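Next up: some structures, all given as structure tokens.
Below are two complexes that have subunit A in common, paired first with subunit B and then with subunit C.
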Partner chain A sequence: MSAPKGVSELSVPADERPKDAAASRAATKEEGTPDRRRRRGWVTITLFLLPAMVLFFLLVLVPIAIAIYTSLFKWNGLGGPPTNFLGLDNFVRLFEDKIFLGDLQRGLILIGLSLVIQLPLALAIAMLLNQRMRGRALYRVVFFVPYVLSEVITGVLFTMVFSPTRGLANQVLDLVGLGNLATTWLADPSMVLYSLFLVMTWKYFGFHMILYLAGRQGIPRELTEAAEIDGAGGWKAFWYITLPLLGPTIRISVFLAVIGAVQLFDLVWVLTEGGPIHGSETMAVTMFQQGFKRYQVGYANAISVAMFLISLVFALGYQRYVLRRDTEGAITVMRDQR
Partner chain B sequence: MISLGRRSVALLAAASLLLGGCASEDGGDTGKAASKTIEWWHIQNIEPMLPVWQALATEYQKAHPGITIKVTPLENEAYKAKLTTLTQSGSIPDIFNTWGGGVLQQQIEAGLAKDITADIAPWADTLTPASVQPYQFDGKTYAVPFDVGMVGFWYNKALFAKAGVSEPPTTWTGFLDTVKKLKAAGITPIALGGKDKWPGHYYWAYLAMRVAGLPALKQAGADATFTAPEFVQAGERLKELVDLDPFQKGFLGAGYGTPDGQAALMGSGKAAMELMGQWAPTVQRDSSGTPDGIGDDLAFFPFPAVEGGKGDATDAFGGGGGFAVGKDAPPEAIDFLKFISNLDNQRRAVATGAFLPVVKGAEDAIKDAKLASVSEALGKAAGFQLYLDQAYAPAVGQQVNDSVAELIAGTLGAKEVTEAITETAKNE
Partner chain C sequence: MTGRSARATAPGRRPGARLRTLLLHATVIVLGAFIVVPIVYGVLGGFKDNAQLATSPFGLPSPWVFSNYADLLVSASFWRPLGNSALIGVATTLLVVGVSALAAFVFARFAFRGRELIFTLFSVGLMFPFAVAILPLFILLRTFGLLDNPLGVILPQAAFGLPVTIIVLRTFFRNIPREIEEAATLDGCTAYGFFWRILLPMARPALATVSVLAIVASWNNFMLPLVVFNDPNWWTIPVGLRQFQGQYSTDTARVLAYVVLAMLPALGFYSIAERHLIGGLTAGATKG
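Moving on, here comes the complex of A and B:
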């Protein structure tokens, strides 16, 4: 069995592909005229797509439309449709809202830290776990387990770990003689964002690690071997062979990390509710506060629309300018090789 | 190359989906009418009241064949979120918990809560007037109370004695002195759950009541103006307290009812005081994991008077709980409320120690001396102020909580607090 060539193939197990091909060949044989075949094809496509399209329309497109519509109103969410039309006032208010502007700043810090610390850490561990070593499979599972836990469980767990009086974090620091580094983690407004990032890293690095590991295994062994013969071992081989060939995986993982940081909510809510003094508040937390605590559903929807636009613009831009290289370059090259 | 393998990855992914799925909530069910099912949402989701409510519902169903009472007990915050989601779709349970004030008013304006003045008229005079007050607007009643209480200082007598304080303070200056003495004795004077914000707003609210007086607070709400010098002074008094650093280490991140939160610290005897409502002993016991908290060392004293203030020193700050009736509720819903509010059933509820009586004549059912002292202070009160985060419109109430939290954290001045609240109130 040949090694998988990249992340994109993870979802399509190799041993199923030939069957698909055989099935479609059989189908072609049964078909009549090209016209009828095409019509039947459309019917099949429509039938198969219809349930998904209906769900997508009702559960994704309609709510987005409603959110955009209600974001133009002053509305407390009670008793029927909104009536107090404000135009774009809610969006103007966004840009004067210190908390929302702070959310943007904190979001950028979290994204920056993720890219500079979390992803390189995940990459390093993935490379380590790619070596031959005793208990490798166990390590892989152990590092992946935090990602499997739900955000709420993680949040509750770390409120205990970071408890200023009885928390594990301070006790461990004490034990290793770093007691003077003991701090109030989640209770210090200037510290809380970094504590949050610590939890995020603990929770999500395993996911990125698995991505990198899968990507690393897609790199043909011959390449590294050839490099070794040419005298490029260890660090050099990583820098000139592994890293460039991991490009597509890294670009996807960066994309997921950024979108994840923009939409971060449940973990923060359980850990700190965005506090103290908005020190760990994210856009989604502000949205929840406005909508569910202050009953300003119109304004909360304006925040959600802003989040949606930020994610959309980033996603489209990223696909257009960053991921295009992968669809035109790496993947087509791999296809040629096949 | 041997690897984790695609199958294992898929398995892990599937497992993560399953485990992650546990976190998602079930969809909200809808309250409806027509049939003889009464949808009842309450927030007494723990002992001792959970079984009592359930027993009352069962007894009522037995006595009235054909009526089903669907009981949904929810935790406080979960209840708020779930009800908000439900009301946005225009429906509401037949009987639902309310704290009165601004939120109830918005629900009334939206036509979700029913005017029950006429329905309860035959037995309305069995209820104490103060307990019904938070649910009355323009002379109409919108809910039946089941609990009423007030906020005050709960203190640890043993720790006070250790610090050489024999009598609880009755003035603000005396209170600050007590804090200093406790601190000097190496005791954490006050436990505070800063993460939850609402426990902190009690301090500002009480100081505003003592300095500016009840009419001024009411007027400020009506005028959407909180910038009067008295409100700034209230913030300055609070600043005097905050400057003494009276709270436990890491209080800004502590919750109220969490295992290392405000109530747990009191329940385990690690802090000398907390400013909290009549439910404090129950939560102290629950969250500290002790059989009886600090037991008889726990006692209650009302919020001290502030020298030169306009407010009456007996004025009480608090609130209670009531059951409002949904717009489409069957008449049996009100009959059921009458049933749970009769003297016998009220005695049963009060006897659990979770509630203070709202029905005249049930006072003798209070078994606990601590609760009796709260009831006594409530009886002496010349005036009553509902929690500010309930009394005002939700956005204003939350702004009070947020701004006072910032004052306590030291990032906002007394004057800026009043300005921030005013700005939000003006936008409402």
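Moving on, here comes the complex of A and C:
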């Protein structure tokens, strides 16, 4: 394979290329007319694509369509299709529902805490573990382990840790002489959201740390070294070189933290089922309660749709205004290859 | 790399720098303790009885109580969910990786009208959270008679795993040089032959990565098996653990033993597949 040929072949669309190659080799050996070959190409495309499309259509797109459709009805989800058409009443009800509005507020608090505490902490630890220090590999493993454990394992473990009577948390506070801070962690409506955040930090901060570590390793060492030669060490190098170059990774990490908070369910369900007095309830928990416990399926689906729209608007907006400069290059490269 | 970084930190060794290093180390150690202590508490707690848990939460068990772990290890309430989780995880992975490999091959190697539209549709699926579809999925599965049936979990999990799997595999398939496909075609290889005998074997690293992601997602999935399986015989580890906690809510030591046993397969798997897991998780985020 000579170099010029290889380069020219790259720009030829895939389904035409084998035909050309074969034709140039020996026209007589060409099996079938171009028409028949093209038809066979379509058969291959259809056969290969069909299973994925059927699966995706039936179990992703159809359920979402059902959610959107039934959100316009008062429906208990039993019996036949819904008949009691309400229009947008379920959505109007959302904005009068104190629990749902509370979900939004609690979601914002969790996102705020993540952005202000969890992610900077993960970044700091990642920068630290990027330097040479004793036990670095062990620390990396330790910080990442909670991410490997499922939400349910984490949740059940922490219901024990936060148990008011023989829980670990209060006993630790006692041990370090802060016994008067001992509290009922998960049973206090004004405390429970922060306990939840503590568990989220335990579980997820290692994941963000790993992202930052991977991003940091992608930054050429020459850059920070050059900065040091120019007299910018330590904080300055971090602030003016490492941090901007970590931009794409940080933006993705923020995106994942926000989307994760919007969809949070498993951890909350295991820890508190949203209680006490809705103190830790999230949109997904409210939806689950309404749909599976109170059989208000139409209304529950309105919550689903709201969740979906919030995720979608956020994702599109984020893509458009924040990630744009990161993906611009990638998309134009893809376009060139096409 | 490590040698150079030592030099890189050297100019910072002014007065106070040592103090800073010390503080940073202290931070890491405190945080490490924050992560480790609950796990150690769980492991040791499983070897205690409830009275010991209340009186000496930190100390070693005395005497060591083996019955919590032993009871579970001879009971179906642990092994049955473990088997179910394994079955569902493997089936989900095979299905989603197989189906996605076929689709990704077409997306990567064929040019046809509507390709980008269909691909975009799949990519948008990345943004559909499971929670949004759970109620309609439940209703659909009930209609198809797939409740209390492992397929009721396997099929939706595979469907929701398609976007990420297809995107990763398509990127990989695209990067396999055209010359290889040409050579294969000249030697009389059909599209199927090229896919099966050349592309898939070459894509082994990418297949491993997406398989690890799929099996971990399935293993940890809670919401779907929770609503699909009413029959305890089909409960997976997360559902089984959750129900066990409800059943033995006052027997903390026993529940801790279950938690620890449930951790072991995940930790074992992580130690084997660490590279693929971390590679898969960070691939998207660092390339931007």
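In this text, the second predicted complex is superposed on the first by the 278 of 338 C-alpha atoms of A that agree within 3 Å, B and C clash if a C-alpha of one lies under 4 Å from a C-alpha of the other, contacts with A are read in each partner's own complex, and residues count from 1 in each chain.
Definition applied: a contact is a pair of C-beta atoms (placed from the backbone, for glycine too) under 8 Å apart; a residue touches a chain by one contact, two chains touch by 3 or more.
Note that this is a predicted model, so its numbers are computed, not measured.
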item	value
Partner chain in contact with A:Asn76 - subunit B first, subunit C second, else both or neither	first
First (subunit B), second (subunit C), both or neither touched by A:Ser163	both
Partner chain in contact with A:Ile277 - subunit B first, subunit C second, else both or neither	first
Which of subunit B and subunit C A:Leu108 touches, first, second, both or neither	neither
First, second, both or neither for A:Arg221, with subunit B first and subunit C second	both
Touched partner set for A:Pro146, first subunit B, second subunit C, both or neither	second
Contacts of A:Leu55 with subunit B and subunit C, given as first, second, both or neither	second
Subunit B versus subunit C as contact partner of A:Asp188, first or second or both or neither	first
Subunit C versus subunit B, contacts on subunit A by residue	C
Partner chain in contact with A:Arg294 - subunit B first, subunit C second, else both or neither	first
Contact residues common to both interfaces of subunit A (with subunit B and with subunit C)	10, 13, 77, 144, 148-153, 159-160, 163, 165-166, 210, 214, 221, 266, 291-292, 297
Contact footprint of subunit A on subunit B as seen in their complex	1, 3-4, 6, 8-9, 12, 15-16, 19-20, 22-23, 80-81, 84, 87-88, 90, 103, 106-107, 109-112, 194-197, 248-255, 258-260, 393-395, 398-399, 405-406, 409, 411
List of subunit C residues in touch with subunit A within their complex	1-2, 4-6, 8-9, 11-12, 24-25, 27-28, 31-32, 34-39, 41-42, 45, 50, 53-54, 57-58, 99-100, 102-103, 105-106, 109-112, 118, 121-122, 125, 127-140, 155-156, 158-160, 162, 166, 174, 177-179, 181-183, 185-186, 191-192, 195, 216, 219-220, 222-223, 227, 237-239, 241-242, 245, 252, 255-256, 258-259, 262-263, 266-267, 269-270, 277-278, 281-282, 284-288
Parts of subunit A lying in touch with subunit B, wherever the complex brings them together	3-4, 10, 13, 76-80, 137, 140-141, 144, 147-153, 159-160, 162-166, 184-189, 192, 210, 213-214, 217, 221, 266, 272-273, 275-277, 289, 291-297
Subunit A residues within the subunit C interface of the complex	1, 6, 9-10, 13-18, 21-22, 25, 41-42, 44-45, 47-49, 51-53, 55-56, 58-60, 62-64, 66-67, 70, 77, 121, 124-125, 128-133, 139, 142-146, 148-153, 156-161, 163, 165-166, 168, 171-172, 175, 202, 206-207, 210-211, 214-215, 218, 221, 224-225, 228, 233-234, 248-249, 252-253, 256, 259, 262-263, 265-266, 269-270, 284, 287-288, 291-292, 297, 300-301, 304-305, 307-308, 311-312, 315, 323, 326-327, 330, 337-338
